Structures are given as structure tokens and as C-alpha cells.
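Here the chain labels run A, B, C and D in written order, and each chain numbers its own residues starting at 1.
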């Protein structure tokens, strides 16, 4: 049974780290449950990974960074898995090439489940030795939980990319789609104003956050307004109908080149049926486009072009964070749990940022180039993984995630 | 249990077509049996197809060309399968793109097996209505049997291409490797002479043959000699050691460009271990190179370069066929069941050749461009599928098949 | 002033080799004369070379293979030119990459002309020392003359490929176009029959021929018929109008893939104007398609598809040669001087063929793979370069040459 | 005769706009003077344009944006030139594709010079009618002057990219190299501290600036230090010798992938001679690497990796601008006239930025994606084109410009 995605930022944890670890590990298996071993083996494109690989890689992360350094007597499950399931950690040695992950029919899904059980047993042993939530192992487990939650979202987005290419258009889960569409809305969007000034941005260090959310620091904002709601599919249809994809004046130069080369005429996973009506491939299968739902599967180029067409702009990530955390932020709907929201901020380090030493330091910093920050969270983000200060990031042309937008404008 | 590959051309059939059909269908499943459903789902490269796809495509062939036109009341198993499992028949409608076959996690392997059972039941019904081995249905079933035998060979070559990319280097079957290496030989090769003259080439129409094996016609040959044996791995090591891959004078211009671009320094699936010794990925796993066995996994470029380096040449397909069918052909070893033998003949139609009308006519003729003919058969060719007149063909750079060579020279 | 292309095979030479050498060298400069130094510098695609490069490479050929080995005291013009102007002779050392020839703004066209003068002076010196037309230097000069003549044709085809991409659509020469269209014809094509039998093919060794035209040998032909005339533009328009480019049943599998990928809907250099009428970029500029002229700029794929659409076939190169040399061959028009004629024969060595030793042996043999033979000659072939036994060859997708077709059919 | 590049920001203009226009136009021709018409025709890569194209495009810019709208009775020189010499202005209609600019052997360089003369005459006419430096035509001429100055720099960087691929390694100009190397320095670099606070960034609107330099606005800075000098070739050799190009921990993920794929082991245009010594292709030809000179031809990836290796970082563009404009900025050397200095700032719009309407509005804004800002100016930047607020920008992998770096660090 799938947990519905959280529609608010995570509250402070009241559970122990080991209890949350167990839940997280279990939830990952639940996400894989509707899928056959075959479904779990294949990747649809270089950016996406097989479910089985996600199951194994998150496990490898705990084995490599938690158990091997911190559990005396731990025995590595299988040396070859280190090569197979390292993702991008140069410091952790050579690894299987990303575009070839879908060729790994061995180890089998059953073997990967056994690997998970082996590592879970190790994590249990370790938990018994850790009295409280503090200390280096607990800190690393916390990173591992958050890492695995990220991959929970990728399991959903990656299987969607695979099923969308399948002529049978299979549904991942009928329930999921229902839960998602219930969250749609029809209220008219309003503009919510926020004052300028020197504002504090970034995580305060209380509770878990990724290194890229700090150091906390000040930024200077000018007065601005945000839309109370995300742009909807109905809004997007108006953009399409107005020839939005045919007018270069709305597009970044790279974006125009991209839509010409790829033939994009609509968001990702949209297609027309024989009658010419728009349909969208979703986790619930191929469905009519729901006009009240937030538009998703947009590239940065499309989000930016839509904003120009609207005479508005994308918010900066600082505007988003300040607004979402302020009192008037209560009036902003759909901050979390619907669609990641493209900002105009290129992904970069905060002043004073320094990645951790060693392989774990490769988590975030080395990607600070040619990517844009997205804020909020999506319908695929697991419960407990959303934060005001959370910084997601993708290249401008990525659109296999649940990515949408919220409009902004200058207030003065 | 795998049947050992036939080492001679097929004798005249004594069994009924329906009995042979049942055996063929069963043998295909036996070939898939050592593989998990995951193994059966993935393709390693565009040229190779997943096992599951082979299982389904051969079934589709019977459904589309035999049952639908000839079994009254036959009900198509699933419309979507027609799109999924057509290979290249333009006349049979649009189809799933070849490089995306490995993305079809649905239909599942279990559904494909059910598809096979459904079609087998239809074929049984049809067999009951066919009194003898004659008539159009029997003719089409015969084509379907031969078609499925070709895919039996591809199941083996394609799974090898997948397992060769897997870091675990899995064996498809330990037995297979043993059977194969027993067939190795160590006798010194001799030159067998054959006279020139006007010779009859092509199939005489008695028993099954593909359309590209006829019309039977005359060709003019000059006296020539063939080696009694295939070139061995030991011979190939001598070529490598003499710098064969570094000397442009032995290579076709395209071949030299290919080995520069691809980095080829040895036959396909060869690699060196830490000690610098050559090992070869086989259906039995990663094994030391067996010096007495025929060299396999050669491109045409390599076969041709080796022949020049030897001061010899490749035979034409007409020399091969005439020699193999003549009395002195008894002295030629390893004609069948070891390695397909590259000839210098570009794949072209015989004089007077005309393909069948309709989709079935797309079987052979439309590939008569930029391919070379190979004669004989390989260790992966199923029993009963070898013929003196059989014409296999592949592009010059293909080497994922069991392809080797036999040297020739002018006799005068 | 351009010489009109020869419309018949070359008669036996009555001039001395040195006199013909001088004329050939002069004619190359005449071909370059209508072009600015800028025009002579650039290449439009990897297959084509700049005029300047042709001027220099043909000169290098004489320097490297004639003067350096055979003219005592000859001083190489410039060492760097050896790197710049070697084409593909591996045995002659490293060389400038083919796709980068168009980047060589230095040496300048003026320097290349000086290089020609330097080498011409050397060739003059050598001629003074050669009493007659015999001996190794004379033999090599003969090869050099023929080599340069080939490049004369390429100068024309390559500049056309450049000018066709220029928005100004410049004419190379108005005269050339006139001369060419005068050769058009309107007589109805007839079928000319030829008997089968054992026929002698290849050059008899009397006078110059390339090594690939021999050894002379026998082939067995079946009775056949050839069309008296080449396929015309009017014929081709009928093929287009009948949807020839949209019907897969006429196409080789590779050909169908090629026209899908490239968007080809007509011969090379054809385009429609605003009124929808077909126009063709020619050496005389952009002109209306001349319906009576032979169709040119066809790939093998198109020639083959047209033949199938016509219910005919392409001739083999042996049928072409035997027919053209027989008495009834007098009734075949447009054998030479209009368009190279695709045959169905893959380019391969004749029985007993052995290339020369050393670099000069790389002239022909190493290209015997994935190419088809064309016979006759084109409107761009220089006078004196046509022969009954001449074998031109190009890959199936090449169409920047003046390539057309003549239909054949079985006679029995 | 080449003007030496300016080593300081441009002083306020005392000359009239028409006088500066005349000088700018003349200087462009002077830059082309050492080059043959052939040299001016070719482009070495997609990013670079031929000299001739630069000469024509800058002229087109004046014709299209100044003369056609503002000079009554002006007659367009040639309609086809509008297609040939538009660069990227979608609103100005279709245009010749960028990677094909080097194929334009027509119009000839002589015709382009005539085009320049025609437009210059028009500009003279217009100047006679403009009493002062104000008004829309004067404003557009000012943009045109600055536009042409940008292309003056590109003429030099693009011809270097061409000559670097020429086996003869020609020098563009011996003088240029001398002027450049004299500017080298050997003083030890110092760290200059700058205080934090709210700082004014961007152009104040007095005198010419590009639209992307405004609106002027405030930013919040933290205390920081800049190096007094640019990183030198000697520094870079230390990075190479320490294995900088082999250690992934210093590199962005995209940067590491780039150097692996391209084989970069040193800055652009560096190579080793037979003795293993580093040499650099320059506008003065192939010369030994000058250790005291600022390192140039770096990608952003390399600049960033060097900074990490040094334990420092790149400055933001705001730090650079504030520092260079402050009193202590006097102590910063090589701000202008040596090498463009990569900053860590992704190229983005300033708050409140809105591009001009129409085609001229495509000048800057549509490139605000996947590029980084560089500050200062280089040895190839023409006199009068440098400004404190100037924002140059290139993709992270570009290195055919004279791009270097200045280190920064946090001060607190």
C-alpha cells in the first residue's frame, strides 16, 4: 500500500533513528512490490535507473558508509556488488557505467532482496550498539535514510519513464493515480506579496539537512509576489493553444534549440489520442489530462518560456524559501507534495560551503554546474522528506521528474 | 539438456512436419530454461534481441503467417503483441523499434509462455486438419520451423553478448561449453584441391530451402584449393603476435578504420587476465582460450586480414558449396557445427531470383546489400538446420555470431 | 574553356606520354580557373575535397611516386606538403585527416600553383631523359595521368556539392551546362538482347588500365536485355509521382532506413521552387529539371528501387561490359559521357587479382568492401578516361557523383 | 598595425560617436589585413566564425538596425546578405546555419569589403544628419560600435582556433605576440582584502553599457580577499605536475566527464614538443610556454578545479566588480587586458532586467542559461571596450577565448 505523498514540510522527528531507518527500508520494498522482477531490471534511458538498482544502491550506501567503517566484524555481502552498485563516488573506486545499469540481469532481483536483508541485519546489529540518536553512525544512518528517500522518488519517476515507452502502457498502480488527482484544486490563483529586506536563508543545523542547504546566511531580497497556486494543466493548454511552442521570443536560445531538435510540443508524457484530445501517461496508466491538476514533467526551458509568455518570471530560490517560511506563506498552496517548482536560481554553493571530506563529500557539491534549483516537493516525494530549505536540482532539459512551476513577479 | 550442435548437413526428413514442429517449439523453450525471466528480458545491443522477444517473435510468425490465414476460427491471442513482436516485416504493419526490444518488461516472460501455449494449441488444431506434409499450411509451417531454428541460434549468441557485459560473467550453461570443446581438433590442416569448370550451385527444390538458395544455376569456377580445417585460436595467436592488428597492409580500408575506432586487438570476447593471458567469454563462462578450437567471433575484416597475412584468400561461396558437395569434400573437416565460415562473396541474389509476394517475401531479399555470405554452420546452430546450399549473411563488422574462417587459394 | 566530356570510350593513344601529361596537367588548371582562391579552399562534406587540395594532391602523387624515385637530384618542394596532401596511402606515412582538408587555408592556392609548377618542371626534366613511352617512369606517369583525370572529375563533383549549399547558388560555369544539356535525347528507349555463354571480361593488358580491371578472365552469362538508353528525369518524375519514395516494398532494408533518416524524396540536388516545380542545382546553377536528360545524383538504393518499381533489375557489371563491347552494343546509347551507371555487382577483385607491392598497391584493392561497381562514364569524366573495362565504385548511399542507371532484364 | 589591448577600463568618451564609429570600422579591417582571403573564409569549429563572416555580420548589424530604419532612401546592398549574415536574431528572419558559415566562399571577401564600403557610406550620410551624440540613431550606432568591438576580439580568437589546426602552424602576427608577452609580470601575488556589506552593482546608465549590466541594484557581500594577480602559466605547470588532471576530487562531475572524454591534460593550445617541453600555439605562432604570463584558454571546469586544488575558490562576479571599483582595487593587477577571469556566477539577469523589444532584445537575455560570467577583459579585447560592469559569458567547456582566472577566498 502506497503512502500518499506529504503535502507539508516534515515535522521534527519524534521517532528514533533506528525506527525511521526500519520504516524507510520497508517502504522502499513496498514501492517495488507492484513490479515484477523483469520490470525492476530495465532502465528506459541513461538518466533513469532500474528499480533493482535503486534497491541495491541504497543498500550499498549503508554497507559502504555505515557498516564497513562502524560495525566491527561486519562481512561484506559480495565484493562484486561494490562494482555494480556504486553510483558516482569516484573515491569509492571504479563502478559499472550508468547507461549499462539496465543490463545487469545478474545479480537477480531475488539476490538483491537477499542483499537488502543481509545489510538490514547488519544495521540492526549496529542499532543495538547505538544507545541514542547521536554519534557518527547515527549521523551517517540519517544521511542514508535521506539518501534512500531520494531513491524512493526516483523509483517512481524512473518506472514511469519505462512504462511510458511500453506499447501496453501499463499502470504502476491504480491507487496512486487516485490519491494524486484528489489533490487537484480549482480555486482561482491569487498573488501573495512579500516584502524585501535582508533575509536568512538556509538550514539552521537543527535536525537533518544536506550539506548544500547551508551554511545559513543572509541574502538581500526586493519586494516580490508569488502566485498562491501552481500553474495548472488548463493554464498549459492555453499556452499550447496560443502557439507557445512555436514562438521563439518566449524561449531561451538553448531551449528553442532543444524543442526544435526534440520535437517537444507539450509537457513530458503528453500525447494526443485519435480524436486529438490530450492524454497523459501517469503512474496510473494513460489518462485524460486533468485540467485542474498542476502541470508536471516540464523542463526548465518550458517553465521559463511559460513565465515569459505570462509576462511574469520564475522566483529565485531565496524568494521561494523566504516566502514559504513567512507568515503570509500560509496563503501559498501546493508548496509540497504536488510538483517540484523550478526556480531561476542556478544551482551553486552557499557562501562558506565546504563539502565533507572523502566519498560522502561527493554527494552534492560536484554537481554545482549547469543545473537549476527546484523547491518544494512532488507527489512522488516520500513523507518526511520535504523541508523549507531543501534544494533539489536538475539540468534545464530534464523532465522525467514531477516538475512544475509557480509564477513570481516584482512587487515594486 | 542441450542437444549438441549438428556437425553435418541435415539428412532428409523422415518425421512428419507436425512432429518436427512440436520438437522445434519444445527445443526453443529448453534453450530458454537456464535463464531467469530477468535474463530473458534485456538486450545488450541493437543487433541482439532479448530471449523473451525471440520466444514471442517466433510464435508471432506462426500466428501471423500460418494460423490467421489458414485456421478457421483462430482467435488472435493479443492485438498488442502484433506491434511488439513483428521484427522487420513492413507489409505486416508498424512495429516496436528494434533497439527498444529490451525495454519490454511487459508482456512478461510468463505471458509470453502463455502466448506460446496458445499458438501451439492452434498449431495442433491445424495439424489435425492437415493429412500430410503437403499443401500451403505445411509449406508455411516448414518455413516457420526453419525460422524458429534461426532464432534458436540467436538466443545463444544474443545471451552471450549480454552476459559478456555483466561484471559477474555468468555462464549460460556449463554443459554447453564441454560439448563444444570436445569438438576441438589437433590434426594438421591440409590443402584439398578442387577442379574448375561449370558447376551447379543452389538448391534443387527437393525438401526445404530458403528462397535465397535458388534458383539453381551454373557458375564457372577456376581450380582452387581449400584448407581441410578451420583456422584455430593458435593460428590467431600467431597473427596477433606478429602484429596483425597493427599493420595496415593486411586490412581493407574500412576494416582498418573499424579496428582503429573500436580498439579491437583480438577476436570478440577475448580479453587478457592480470597475468596477461588470453581468456575468452563463452557460454560456459570466462575460460582460457582453447588453442586447438576454431577461432570464432571474427568480423569479415579480421577474417580477410588474416587471409592476406597468410598469403591466402577467403573462398567464394560457390567454391565452398561445390567443394563441400563433391567427393573430395569428404576430406574437409568442420564444415558444419563449429563456426560459420566467412566467404569473399557479397550477399546478392542468384540469377532469376524473385522473392515471394507479400510480407513473407521480405525474409531475405531486402538484405542483399553490404553483407557477406557465410557458409556451413556453427556450434550454436540447431540440429537439422544445416545445408550445403545454406547462405547465412552478416555485415562485415558483425562478430557476435560464432564466425570463423577457412582459407582458400588458387590452384593453377 | 572546358572540354566537353567524351561520349565514347577512349581510342588508342597516338600522343606521347609526355605530351599527354602536359595536357592533363594544363587541363586541371583550366578546370580550377573559374574558381576563386576562396572557392578552391573549402570542402562541403567529408567525402568531398577542396579544389586546391585536388590540385596539390595530384601533384604530390607525381612527386612521391615518380620524381623522388626516378629523377636524380630532384628536390622535394616542401616537406610539410607530404603530410598535407597524401590522401590515403598508409605506406606513405601519416597524413592530414580527410574531414579537415577544408581547413587548410595555408598553403595558399598561390603556393599550390607554385608547387604544381615546381613539379611540372621536374616532370619536364624527367621527360627529356625518357626516350620513349616505355619503362617504369613512363608506366608510373601513365598511372599519374589517369589518377589526375579521376581528380578532374572530382573537382567538378566536389565544387557542385559546395555550391549547392551556398544560398547564392552560384554557377560553376554557364558553358558547361549548355554543353551538357545538348547531349540530352528524346528517342524512345528500346530493349536490346544479348546472348548468354562464356564471355571474356577484363582488360587485355594492351594500353593502360587500372589493376582492378584485370586479370582478364571468363564469366558465364545468361541471356539478357539492356535498355538502349539511360533512365531519364521524366522517368524519375513518374516514380516520384507514383509514391516511389513512400513504398517500402521497392526498397532494400538499408535503403529504406536511409531515405527515412535523410528525408530524401528526390535525387540529389533536386528541390521544389515556390510554385512546387522541380529544380536542380547544376554546374550551371539552379535550373529547371530537364525531363529529357538522364537522371543523375542517385544512390544505389534509389537506382535499385527504381528498377524494382519498373519490374526490371540493374545489370551486372559483366553484362554491361560484354554488351557494350559486342556488335549489338552499337545500339546502346549513352554508354559514356552522360552518367555513371550503377550495376548490381558488389565491388570485388577479379580471380587472380593481386595488388602491386608498396603504396601504389593501395590504389584500388583495399576498397573492395561495401561498394558497388558503376560502369561507363559521366558528363564530368575527362576526355580519354573512359574504357569498356573501367570499374568505378562507390558506397550504396553516395550520390554526389553524376550517377544514374540503365535497366536490364532476363531474356529467357 | 595592431593596437595593443587596453589594460584599463575605458575612460569617458571625448570623441564624437561618428568619429569613434569610423575608427572602429577601420580597426576591424586592420585586424583582417594580415589574413589572406582564403584565411578569412574558413571556420575551424562550430563556435568560431570566419573572419569574412565577422566583417560582414557587423556590417549587416548596422544595415539592419541603423540604416534601414533610420536613413531615408537607404538601399539595401544585397538581399541575400540578410540571410547569410544574420547571426542569431530570430525576429530578423531565417538565416544561414552557424556551422555552415565556413562554406560561404561566395560572397567573396572582396564583395564583403564592398559591402562594408557601401554601408560605411550610408553611415556617413546618416552621421551628417545627426547633429549630436543623442537620439535613437546615435544610441543604435553606439550599440553597433560595441557589437563590432566584440567581433574584433572574436576575429582574433577564431583565427587562432583555425591556425592551431593547420599543420604549418602559421602566425597571425609576430608583433602581436611581442606586445602580449611584454605585459607579463613576475611580482609575487598578494591577497587584497575587501569588506562585506550592501554594495551597489551594475551600470549607472551614464555612457554606454549593455542591457545585461543593469538595472543597477544592491547586493549583500561578505568579507573576502582577491589575489592581486592572475594565475600564471608557472602556477598551472605546478597543477599539472601535481596530477591535477588525474584527480577527480578537484573536479566538478561534468568537468571530470569532459576531460575524460576530450583527453584534456593542459590548457587549450598547449602541446609538448619532441623533448617533452610545453609549447603553446599563439597568435605569434607556436612558442614555448611563457611561465610568467597569465594562463589562458581555460575552461570553467579547469579554473574551478585549479581553485579547489589551491584550497581557494573563484570570486563571484559581484565580488569582482565591487573590488575592482573600490579604492583597494588599485592594488589588483591585470584586471583588464590580459585574460578574461572566470567567476563562479552563473550568467543570469539582474533583478528587474527586461530586454529591449524586437530583434535587438535578443542580444543578451536569451543566453542566460548554462553559462558562466567572466569579468575584466583580455589581450584581444579592443581599446575602449572594457568596463567595470562588463559581463562576458561562455559555457563551462569553452576555452578558445583568452580565459584565465584570479583566485578568491573568504576573509572571515
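Throughout what follows, a residue touches a chain if its C-beta (ideal position, glycine included) is under 8 Å from a C-beta of that chain, and two chains touch if they have at least 3 such contacts.
Just so it is clear, the model here is predicted, and its values are computed rather than measured.
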{"item": "Number of steps on the shortest touching-chain route linking chain B and chain D", "value": "2"}
{"item": "Shared interface partners, meaning chains that touch chain A and chain D", "value": "none"}
{"item": "Equivalent interface positions on chain A and chain B, same or different at half", "value": "same"}
{"item": "Cα-centroid distance, chain B relative to chain C, in whole angstrom", "value": "38"}
{"item": "Centre-of-Cα separation between chain D and chain C, whole angstrom", "value": "46"}
{"item": "Inter-chain centre distance, chain A versus chain C - centres from mean C-alpha coordinates, in Å", "value": "59"}
{"item": "Set of chain B residues in contact with two or more other chains", "value": "none"}
{"item": "Contact graph of the chains (line, ring, star, complete, other)", "value": "ring"}
{"item": "Pairs of chains, among all present, that meet the touch criterion", "value": "A-B, A-D, B-C, C-D"}
{"item": "Contacting residues of chain A [partner chain D, same complex]", "value": "88, 90-91, 198, 217-220, 222, 248-249, 251-256, 300-301, 304, 344-346, 348-349, 351-352, 366-370, 396, 410"}
{"item": "Contacting residues of chain D [partner chain C, same complex]", "value": "36-39, 41-42, 44, 80, 83-84, 96, 100, 102-109, 162, 165-168, 170"}
